[in-house]
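In what follows, structures are represented as structure tokens.
Each of the next two complexes has subunit A plus one other chain: subunit B in the first, subunit C in the second.
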Partner chain A sequence: MSNSVEQQKRKVFDLKTIEVENVSRIFRISSEKEILALDDVSLHVKEGEVFGLLGPNGAGKTTLIKILATLLLPSKGRAFVAGHDVVKEPAKVRRVINLVSGGETPGYGSITTRENLWFFSQLYGLPKGESMKRIAKLSEDLALQEYLNTRTHKLSTGYRQRLNLARGLINDPKVLFLDEPTLGLDVITAKRIREIVRNRVKNGSGNSILITTHYMVEADQICDRIAIIDRGRMIALGTPAELKKMVSKQTIVSIETQPIDGGMDFMSSIAGVNGYSQTDEPSTGRIKLKVVLNEEGALQNVIHAVSARGRIFEIAKSEPTLEDVYIALVGKGFE
Partner chain B sequence: MAVKSFIRSAWYSAWLGWKLETNWADPLTFAGYYLLRPFASLLIVGFIFVIGSFAGGNTNTQYFTYLFLGQIAYVYVLQITVTTGYFIHEERAKYETLRSVYVTPTSIRPYLLGRALSAAFASTVSLLLTIVFGTIVFSGLLGLNLEIDLFRINYAALVMSLTLGIVSLISTGFILSGINLVSTRLQMNLSEYVSGIFFLLGDVIFPPTTLPYPLYLISYVLPVTYYTRAVRASIIDGAWDVVIPNLQMLLLMAILTTIVGSIVFAAAEKRAKRLGVIDRKSEY
Partner chain C sequence: MHEFQVNVRAAIARARVRIKGTIQDPAWMIAEMIIPMFSIGGFILLYRALGAPASYSGFVIVGGTMIAFWTNVLWGMAAQFYWEKEVGNLEIYFVAPISRMAILLGMALGSIVTMVLRVFGIVLFGILLFNVSLNIVDPIAVAIIFTLTLASLYSLGMVFSSLYLLWGREAWKLNELLVEPIYFLSGFFFQIRGNVVVPLVLQFASSLIPMTFGLDGLRKVLILGQGLQSVLLEVSVLIAFSIALFVAAHYVLGYMENLAKKEGRLTLRWQ
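Now for the complex of A and B:
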């Protein structure tokens, strides 16, 4: 009897490795100007989960990660990592986390890749043999072996980013924070990183990952659940499938047109348009519009408005993707 | 357990500091920083004295010895203060590792301490070489009579003075690091200013009693003043009854600086976390 109660308790307690309760963060810029970078955000991340934070630039994603990684204090609310309060017990939190920010290439340039990793492994108190083993394994996973004895100022940006990821994994963190880890990376490295991320979590170790990304496809591929944040507020939360269902009643069309003078701002004023995004297709010189409509009938209005401004080459209906959810919720696509 | 991890992190940070400081791929930087700079500083002060005394027609060897030892002691002040005051800036802008170090279990305190200790070690090399070099130039080549008697030096007291000096200078480094954590405005220059103030007011080249009234008071609250005095007393006087009062004052100052350093650094770290500037690179 008591055993099963214990087990239940354990389950309820253990399942959540990150808990964010009504967290707000205000940055005071000057005596008059304040930025509300996070506005009453609550969420949790479960053991064995890859959790994605999706949102435009300035949405507050990095701010949330910094609070959880003990680099920044929240203005309001509480947050826990592995059951430890990030404000009151930062040292305990730091024992189970690590953080990798993409687009950054930290490292001590005048020492080698191996020495950089060795140094950080020692800050985590790893025994010598274990440290060597992990350096070998990580450099194999990230194809860094060739460069282990190279001074890191000689490495290309891509390899320095790999080194940064290896550093982030050196303590085998229970909770890993990845802030735009594939930003600016070549396709192959980005793919490799996605694989590593999936494998860390899917091997039954109970590790979890909180990742922010700009890339919708990436989020769709690797995240178990996703929170969409816009201007500090969480506006949607769910599995990729659940999020896509949110737009299943809406119609998604792709339109290929010639470039339109004066831009696409007119789209937002068309009745029935929920949101849109545009991408240039340099190979054809055309523009690809993605439009989320509240009702199919609105398609007429869109075709009318676009063809009045430029030639339409192609129109197609499409299945909802994460990007469409995002467009529908935020009103525009990523720049 | 916590103490053990702290020491361990400090030890490996000292290892890192030594690797970075004595970067053998670029030995010129090391030589420039740890050898040429103190040599040059000693030569300038020495020659100003020599020229001044020729013009004046007499050589006051007692004052020259004072200057010479002030310069020797100042090697630590310069190297340790400047190097440790620079860490935060370097971590943010040059290596971009401040955030990575900060989120490790022991965070940045043992890191800063370890790197400061390796700077102190490198400075000791620099201090010893400056003594040899200075003696050769002034005593040997220029035939100036330094009032130093190798047999009268109280080596035990000298080691204690240097050790306590290191403690107060590293604590000063923590104060500077704290200031740099919350303010990026001074960054690189802060430690240069501070070591400049120590040079002028720390009993290095001017005895405090020769300074004009308000400055004279500042002299007496600077730990550097007591450090340079203790070093001189250990070398010139040697006798314990002269040395002990100096060491006592230095010990008191070292303890005070350590306390103030810890308080300032803790407050600065907290403020930096509140402002969100721990890992910033430029002014927001």
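Now for the complex of A and C:
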């Protein structure tokens, strides 16, 4: 009896592979200037979960990942990975993690892909047989086989990034940190990486992944839960569906217009407008506006205000996306 | 025990990567053996023109090979972590469950192996080209002095490497500053320590550098035909330097890592 209660408790406890408690991080730039990169963030990641940190550039995503990966100390708060304090027991944390930073291509250019992977495996003390087995498996998963005997300075950036991902998986980490892993990658490689991410947490592997991205669609596709971060603060947390539900009472419209002189600042002052974002469409020279409205009635005001300043080509209502959640929360888009 | 094994594997792997990376370029290896011949040859001819004793030519060969080691310590060891940071390797070392000393040690071992190959070439070329003769009576003494000189030099390299963890370009400048004065002070081409014409201050400064004792010792056992008995001072000083510098590297590295984690300077890019 008591045993099973114990077990159940253990299970609940074990479920959390990452715990972040009121973590803040300040960077001192000069004697006068400080940046609050993380502001009292609390969250946890469960076993078997792909957890996304979504936010614009400079939001604090990388800072949080670095703290969890024992590369940076928090200024305040505590964090645990696999039950170990990242500040007090970094060595224990390092045994169960790995980190892949998108855009980075570590390794040594004068040796081959296989030699690099073998080298990385030795940082985890893998015996030769095990190491070779994993290199074979990973190079198959990432379509690196034909380049195994190529010196890596001859590889294209895309393949060097694949190699970097293979490195991140070489120790089969229980907790994997992926910092913008698809940054600047071609669509095929990016898709492959997303598949690998989903496969790692499948059916009771006990693995979990913390991934940062500023691609909304990517976060929506692969994350079980998402924390939206803005200027160091966590402003929303939930499954993609839960997050989108936050804006289900609101109306989302896309408007295509000509570029408008004097910018879009007038939008914020229109009654009923919760937020908006704009993207240039270089192919047509037009501008795409995404507007989140508190009530459908406000659409009238928006159309009126926009058409007074420039020509409208198209208006459409759209289904809520994570981008709209962000716009609704912050009042503007990512860029 | 397991942890120790992981660290040994990592160190060996790091050494192997360095060795492979270097010997894959045989042309460059040969070039690096020949280039020192110019300054070595210059000094030998100068000494001969001045009618210096024949043993001086041997000193120059010893000095020339040690210059190669010193250059390697500065650019291949000291600047190494800085360079690793540039290419994004530092991050992967620091998230791995290994001692950072294992990486430094591997780097040093790899360097030593490739450098010993090079130095062998330099000595061979020097002997053949300039008809310099060595006078070795105690090969064991040679091995001991040589090993200890390298141990102390590369321990010093490990200290520098740790210091450079936080410095970027400043490290470069310091490296450049350290080249010439060390050549002079440690007495690559002539002895400073115990030399009557050299001011005492300089003699004292020169004895703070492990290389000085290494060079003195090597001259005695390689050229002057002396045995272990006559280099006991050099041996003990080199042992002390090696241990002290290795321990210092360990602490400096730990201290610098912590500082870097506090200040957010372990990686270059952060966006």
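By definition in this document, the second predicted complex is superposed on the first by the 334 of 335 C-alpha atoms of A that agree within 3 Å, B and C clash if a C-alpha of one lies under 4 Å from a C-alpha of the other, contacts with A are read in each partner's own complex, and residues count from 1 in each chain.
What we mean here is this: contacts are C-beta pairs under 8 Å (C-beta built on N, C-alpha and C of every residue); 3 or more make two chains touch, one makes a residue touch a chain.
No experiment lies behind these values; they were computed from the predicted model shown.
Enquirer: Superpose on subunit A as described above, then tell me if subunit B and subunit C fit or clash.
Expert: On the superposed model, which is not a single observed complex, subunit B and subunit C clash.
Enquirer: Using the superposition on chain A described above, determine whether A:S283 touches subunit B (first), subunit C (second), both, or neither.
Expert: In the superposed model, A:S283 contacts neither subunit B nor subunit C.
Enquirer: On the A-aligned overlay, A:S269 touches which partner chain: subunit B = first, subunit C = second, or both, or neither?
Expert: Neither partner.
Enquirer: Counting only touches as set out at the top, which of subunit B and subunit C does A:I29 meet: first, second, both, neither?
Expert: The answer is first: A:I29 touches subunit B but not subunit C.
Enquirer: Which holds for A:T62: it touches subunit B only (first), subunit C only (second), both, or neither?
Expert: second
Enquirer: Touch check for A:F119: first (subunit B), second (subunit C), both, or neither?
Expert: both
Enquirer: Jot down the residues of subunit A that show up as touching in both complexes, subunit B in one and subunit C in the other.
Expert: The answer is residues 27, 63, 66, 69-73, 91, 94-95, 97-99, 101, 104-108, 110-111, 115, 119-120, 122-125, 167 of subunit A.
Enquirer: Residue numbers of subunit A touching subunit C in their complex, please.
Expert: That would be residues 27-28, 57-58, 62-63, 66, 69-73, 91, 94-95, 97-99, 101, 103-108, 110-111, 115, 118-120, 122-126, 167 of subunit A.
Enquirer: In the complex formed with subunit A, which residues of subunit C make contact?
Expert: Touch residues, subunit C against subunit A: 2, 5-7, 9-10, 12-14, 16-17, 20-21, 24-25, 87-89, 91-98, 261-264, 266-267, 269-271.
Enquirer: Within their complex, state which residues of subunit B touch subunit A.
Expert: The contact residues of subunit B facing subunit A are 2, 5, 8-9, 12-13, 15-16, 19-20, 23, 25-26, 94-97, 99-107, 111, 273-274, 276, 278-279, 284.
Enquirer: For the complex, give me every residue of subunit A touching subunit B.
Expert: Going through subunit A, the ones touching subunit B are 25, 27, 29, 63, 66, 69-73, 90-91, 94-95, 97-99, 101, 104-111, 115, 119-120, 122-125, 151, 164, 167-168, 171.
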